[in-house]
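As structure tokens, here come the structures.
Both of the next two complexes hold subunit A, though its partner changes from subunit B to subunit C.
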Partner chain A sequence: MVNKGVVSKDKTKLLLLPGIIVVVVTTQIPFLMTIIYSFLNYNLIRPDLGVSFAGLKNFSRILTDSEFYSVIVNTFYLTGVSLLLCTIVGIAVALLLDGEIPGINFVRTLILAPFFVMTTVTGMIWKTLILDGTFGWSGHISNVLGVNLPDFFSQYPLTSIMLLIVWQWAPFFVLVILAGLQNIPEEIIESSKIDGASWFSTVVKIKIPMLTMHIQVAVMLGLIFIIKEFGLIHTTTAGGPGVLSNNLTYYVFKVVSLGSDVGRGAAIAVVTVILSVTVITLLFNAIQKQKDGQKL
Partner chain B sequence: MNNTSLSKQPLPKIVKPINKKNISYKSLKMLFVYAFALLYSFPIIYMILTAFKSEYEVSPPSLIFKPTLETFREIFLNASIWSALSNSVIIVSASAGLALLLGVPAAYALVFAKFKKATTSNSLYLWFITTIILPPVAVIIPITSAFKAVGLLGSHSGLILVYTGFHIPLVIWMVYSYFAELPKELIEAAELDGASKISVFIKIMLPLCKTGIISAGLLVTIFIWNEFFIALNLAGNSAITLPVYMSRFGSQMGLFYAKLAASSTLVIVPVLVLGFLSQKSLVKGLSMGAVKG
Partner chain C sequence: MKKTSLLNSLLLLLFCIMLVACSSNETQEEVTGETEVNSNSEDVTLTIAVGNNPQMPALEKLSKEYTEETGVKVDFALIPENDLRQTLTNHATIGGGQYDIVQIGSYEMAFWADNGWLEDLEPYFEKMSDEELAEYDREDLLPPVKQSLTIDEKQYGLPFYAEASMMYYNTEVFEKAGIEIPTNPTWDEIYEIATQLHDPANNQYGITMRGQPGWGMNGAVFGSMIHAFGSRWVDENWDVQFTKDPNMARAFEMYKKLLVDAGQPNIVSTGYAEASQLFMEGNAAMFYDATSLAEGFNNSESKVYGKFEMGLAPTDVKIDNTGWIWVWALGIDPNSKHKQEAFDFITWATSKEYIERVAEDSGWGTVPPGTRQSTYENKDYMAETPYASDVLNSLNTIKYDEPSVDPVPYVGIQYVGIPEFAEFGTQVSEYLAEYVSGATTLEEALEKSQNAVETAIANGGYK
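For the complex of A and B:
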């Protein structure tokens, strides 16, 4: 305290310490433990067997299980297709909302709402009030129009969940892309109009290229959250039938919480982390590369 | 090209000549936009409407009915939603508060602290950011067994600890760029005037980054309020939060759709309000962090 010069410099650094400790305790150490668990025989409902070293047994078991691969495919389908649809819807709706519309705040509020609703409510509401064959709107529309709408969550479980993800996340894309659109200097748009460019070519050749960065941000953040989706699956199909609508996160939950096989669950969790981090890093690097390319 | 899309320059508006064709096109577009917005948010609107129905008016679905507060009255008489609500309020406010309390100073230090090696602060920043992409499944199994061993399973403090740890990186990501925009000379000038490091931080730097800190706080609050996976595994019955409560609605209460709608409405209103308050700063905070990272 007396020695202000050197010590006080260190003090600023100390502000980092509590944050680092809490993050290490809640994320890094448990993740290391998960890696250790993945090499153990460890089953909660068989305490008589004890805990012992399993070597690569857990990994060889999941990697030779065809169920595991279909869950991986489900995860990529859910994440990839919903990100693609979110991007398309995001661009389209943002273009629609850009410009002078009276009451635009109210409209934006309505469109944004699904993003803030918790996934368990979203799942329950869509399952009961909207897509239920007996009490919901889909059943009612079927009756009134005499058409036969499918029972969405039992006939198309994965696609229905994917659509709910899009419904929830597209508003976020709209928000981010709209912010980008409103940053495009009006002179550029005006001058392209004066040059006789059509609405379509203005959008494709000028607006969308200028939105690249915003679209990338939206996709990147969307990916981080959508790849670990859980609540929508749990409340609508509970992963079923079978593992047809499991993603990796749900599969881990099922193996550990319902199957009590800690070793196997940990091994799946480890593979999940490796896959998620790889995909996110690949996308991130692709974005960086493209950015560097633009600078040159 | 990237720079132009980022910079916000107020530009003179070009006044367009008004003609009749333009007006009818505009009102058509307006109608379409309104219709689209109503349709898009229809599940939420219908949910709120259903909350004002009595149970026997739910099926077949309709938009015309005699509104009643009966369902809400029944919901309010139910003790279990009150305990879930109070758990949620306690857990969310404590963990969002702690995440800010630990995250904001950390972000400040990452920007302004001097390290022996110049790259240290950047690699620490990257380390924090990479934990954002760590999915909760990566940690949930050991945390569950550790909590079971020390009696934190089903406790407020257990959930608060995990939520704080998981959201500190998010706070850092959102606040970092606000600090980085501040000129370093500010600190030097204040210190020349005899202010201490701490008072520079609290009295000068914090107020300048108020917007960033508030939007980080709002976003973290919304995320934790809606968080389901961690709560499902750690909350048990004694610390059950609203998302878990809602997920069990069918099995615990039987499928009473009006009650489901009324409870859902109650549960989402706080975040809808927060969300609308924060929508603009939310985009800015998130995308600024992304540009940095």
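For the complex of A and C:
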């Protein structure tokens, strides 16, 4: 007997078609175009040279350029260490805020504020108003104390940018991890107290393991956004000195914007997609494996 | 597992959108442009793309008077100066048509005309009556300024304002230290004076210059130093000179030691805005930069008001004026539907009459400088800007097409007038900043610069 209220499986698939068409037209066709461009000699500011097939020239130029590898290392170093620091700060601050303290809601709002500041504004504020040796607060404070401050963005460009990323992103981690902490049933914490667990062992053995899912969500979202950081780099160091603070996003911008070289820009974009998807897939698989292990 | 692959696909799509954004924005802007131009079939409305630099709001304001006089409306698209170059290049490469008039710098002028992206203005001048020609007075345009907008004896842009690079001196600091302001100093002399006047403990720096990477940032200062030291980017056969010419190494060394031993802190994050702020606040004894910044120092809010002088750019092997010249000009898009009206507007905006009108409106100290001899013959202008005769002298003695003591296959002083320069000039400016910050040695900086320029020259088919 056929149930009239149930649509057959084939027809259900048809319902997906409009969605698939929209996704393919808006994302896959431009991506295919990017792949096609990556095999062309196509420089916007040299119309006299025309557009011709370049074979693998654009890719070989990128892959034989030692700068490209330092940019990749920069990208993963910047993203990896920033995520680690964000997680540590996120857990620490969330633990501090997870309690019945007067005015806690106000404090939570204040802590979240840096996350809502635009990256370009963050860059300008830190570069000019805080870390500048002449106009910034640090300059005035160091003058009063008689201390010589380093030139942050020249001497430690990547570390300085990393600290700004942590300043901006740690609040997001705090928010997500705090939500996890507040979801831990009160009974579990109370039982651990009755069993004589110290504050430290409660945190390490009970709270953090129960927060794994929340930390993973924060890290995944953080990874997707921090790996393509642009505004902070553009406003503070412009990728310099040299390529010391270039990441892949900024590198693509420079090639396309300054060189107007569509072919090479597209080739870098293709390589970036391959690298990013590989890293994210590996990370996601690792998380999935861990989850499967927990279920067993 | 299904969930895993679905998430993977979603992430892939997310990145695709991000990465292809660059190539898709041109098409969007083209569509917008057509709508704007087509909507004005009866009344003429000119669309003009300009940078958001200080002279432009005045032009926008006074253009309303032009509309009242002629009936031609003018729509302004104010684009951040840093984005102007890329935005206009994108429009030109897809056939243009959105803007009737574009603000263009002397660097782009060098190859935009060759690419057919600018209208030759000579036929329009030929159509002018004798009276109109006399009124516009092309002979009044300063020769080096006019020359930087002329290719094969055809002028492709009319100068709106122009600047040279000069050395600014804080007279108060020099007087206190009992040091005389040098006339036509060498870079070595500047270094000696700068180290004597350098007192960072009291926020007093010997010199301030652009240190932030970028061809228009530290690259502009260093580009003029390369030629001052008798070197050149490439020789007449397009052979790159970074590792081959010892004078190039001397220019690198001087730039670094000047800033490290006697310059501002935060060297590589100092652009022209930060450097001019330091000079304006009285924190720097000397400042090597563009003459157009003098207007900001010459008002009562500046701490160096009435306390600064300007001198020619320092020299070394090259003893003629080593300063750079930069012209912001107005040109016409060859695909504009209102080319004659556009020409009439740009002749008005670069005329003597316009300069006088700006003076009436906001004072002689604010008129667009550096374009016309008559501006510098005006008593009111000379009275309000005590540095004007030095600026005129600098502008008139710059040889834009002979930047180096040795022959070169390019034009431009702080840049090489070829399309590829924007990229390799920026790369060299980054290696310079890296060297200044101590992350690389001189040899490494020269080697990296050599490779970057050689690759660009080879790929561009110059050699």
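Going forward, the second predicted complex is superposed on the first by the 270 of 296 C-alpha atoms of A that agree within 3 Å, B and C clash if a C-alpha of one lies under 4 Å from a C-alpha of the other, contacts with A are read in each partner's own complex, and residues count from 1 in each chain.
By our rule, a residue touches a chain if its C-beta (ideal position, glycine included) is under 8 Å from a C-beta of that chain, and two chains touch if they have at least 3 such contacts.
Here the structure is a predicted model, which means the values were calculated and not measured.
Student: Let me test your reading of the model: by the given contact rule, A:Thr237 touches which partner, first (subunit B), second (subunit C), both or neither?
Tutor: Once the two structures are laid over each other on A, A:Thr237 reaches subunit C alone.
Student: Tell me which of subunit B and subunit C touches more residues of subunit A.
Tutor: Looking at subunit B versus subunit C, the one contacting more residues of subunit A is B.
Student: Which holds for A:Ile72: it touches subunit B only (first), subunit C only (second), both, or neither?
Tutor: neither
Student: Please work out whether A:Val203 is in contact with subunit B alone, subunit C alone, both, or neither, and reply first, second, both or neither.
Tutor: neither
Student: Please indicate which partner A:Leu283 is in contact with in the superposed arrangement: first for subunit B, second for subunit C, both, or neither.
Tutor: Neither subunit B nor subunit C is touched by A:Leu283.
Student: Going by the contact rule set out at the top, does A:Ile125 touch subunit B (first), subunit C (second), both, or neither?
Tutor: First partner only.
Student: A:Leu163 in the overlay: touching subunit B, subunit C, both, or neither? Say first, second, both or neither.
Tutor: Neither: A:Leu163 stays clear of subunit B and subunit C.
Student: So, does A:Val81 touch the first partner subunit B, the second partner subunit C, both, or neither?
Tutor: Touch partners of A:Val81: none, neither subunit B nor subunit C.
Student: Examine A:Ser257 and indicate which partner it touches, taking first as subunit B and second as subunit C; both and neither are also allowed.
Tutor: After superposing on A, A:Ser257 lies in contact with both subunit B and subunit C.
Student: Thinking of the overlay built on chain A, is A:Tyr37 touched by subunit B (first), by subunit C (second), by both, or by neither?
Tutor: Both subunit B and subunit C are touched by A:Tyr37.
Student: Share the list of subunit A residues that count as touching for subunit B in one structure and for subunit C in the other.
Tutor: Residues common to the subunit A contacts of subunit C and of subunit B are 23, 26-28, 30-31, 33-34, 37, 128, 134-135, 139, 143, 224, 228, 252-253, 256-257, 262, 265-266, 269, 272-273, 276-277, 280, listed in rising order.
Student: Which subunit A residues qualify as touching subunit C in the complex?
Tutor: Within the complex, subunit A touches subunit C at residues 23, 26-28, 30-31, 33-34, 37, 43-49, 61, 127-128, 131-135, 139, 143, 149, 151-155, 224, 228, 236-244, 252-262, 265-266, 269, 272-273, 276-277, 280-281, 284-285, 288.
Student: Under the definition above, what is the set of subunit B residues touching subunit A in their complex?
Tutor: 1-2, 4-9, 11, 13-14, 29-30, 32-34, 36-38, 40-41, 43-44, 46-47, 50, 58-61, 102-103, 105-106, 108-110, 112-115, 124, 128, 130-143, 145-146, 161-162, 164-166, 168-169, 172, 196-198, 201, 222, 225-226, 228-229, 232-233, 242-244, 246-247, 249-250, 255, 257, 260-261, 264, 267-268, 271-272, 274-276, 279-280, 282-284, 286-287, 290-291
Student: Considering only the defined contacts, which subunit A positions touch subunit B in the complex?
Tutor: 8-9, 11-16, 18-20, 22-23, 25-31, 33-34, 37, 93, 96-97, 101-103, 106-126, 128-130, 134-137, 139-140, 143, 167, 175-176, 179-180, 183-187, 190, 209-211, 213-214, 216-217, 220-221, 224, 227-228, 230-231, 234-235, 248-249, 252-253, 256-257, 262, 265-266, 269-270, 272-273, 276-277, 280, 291, 294
Student: Can you name the residues of subunit C that touch subunit A in the complex?
Tutor: These residues of subunit C touch subunit A: 4, 7-8, 11-20, 22-24, 86, 89-90, 93, 111, 114-116, 203, 212-214, 264-269, 274, 277-278, 283, 419-420, 422-423, 426, 430-431, 433-440, 448, 455, 460-461.
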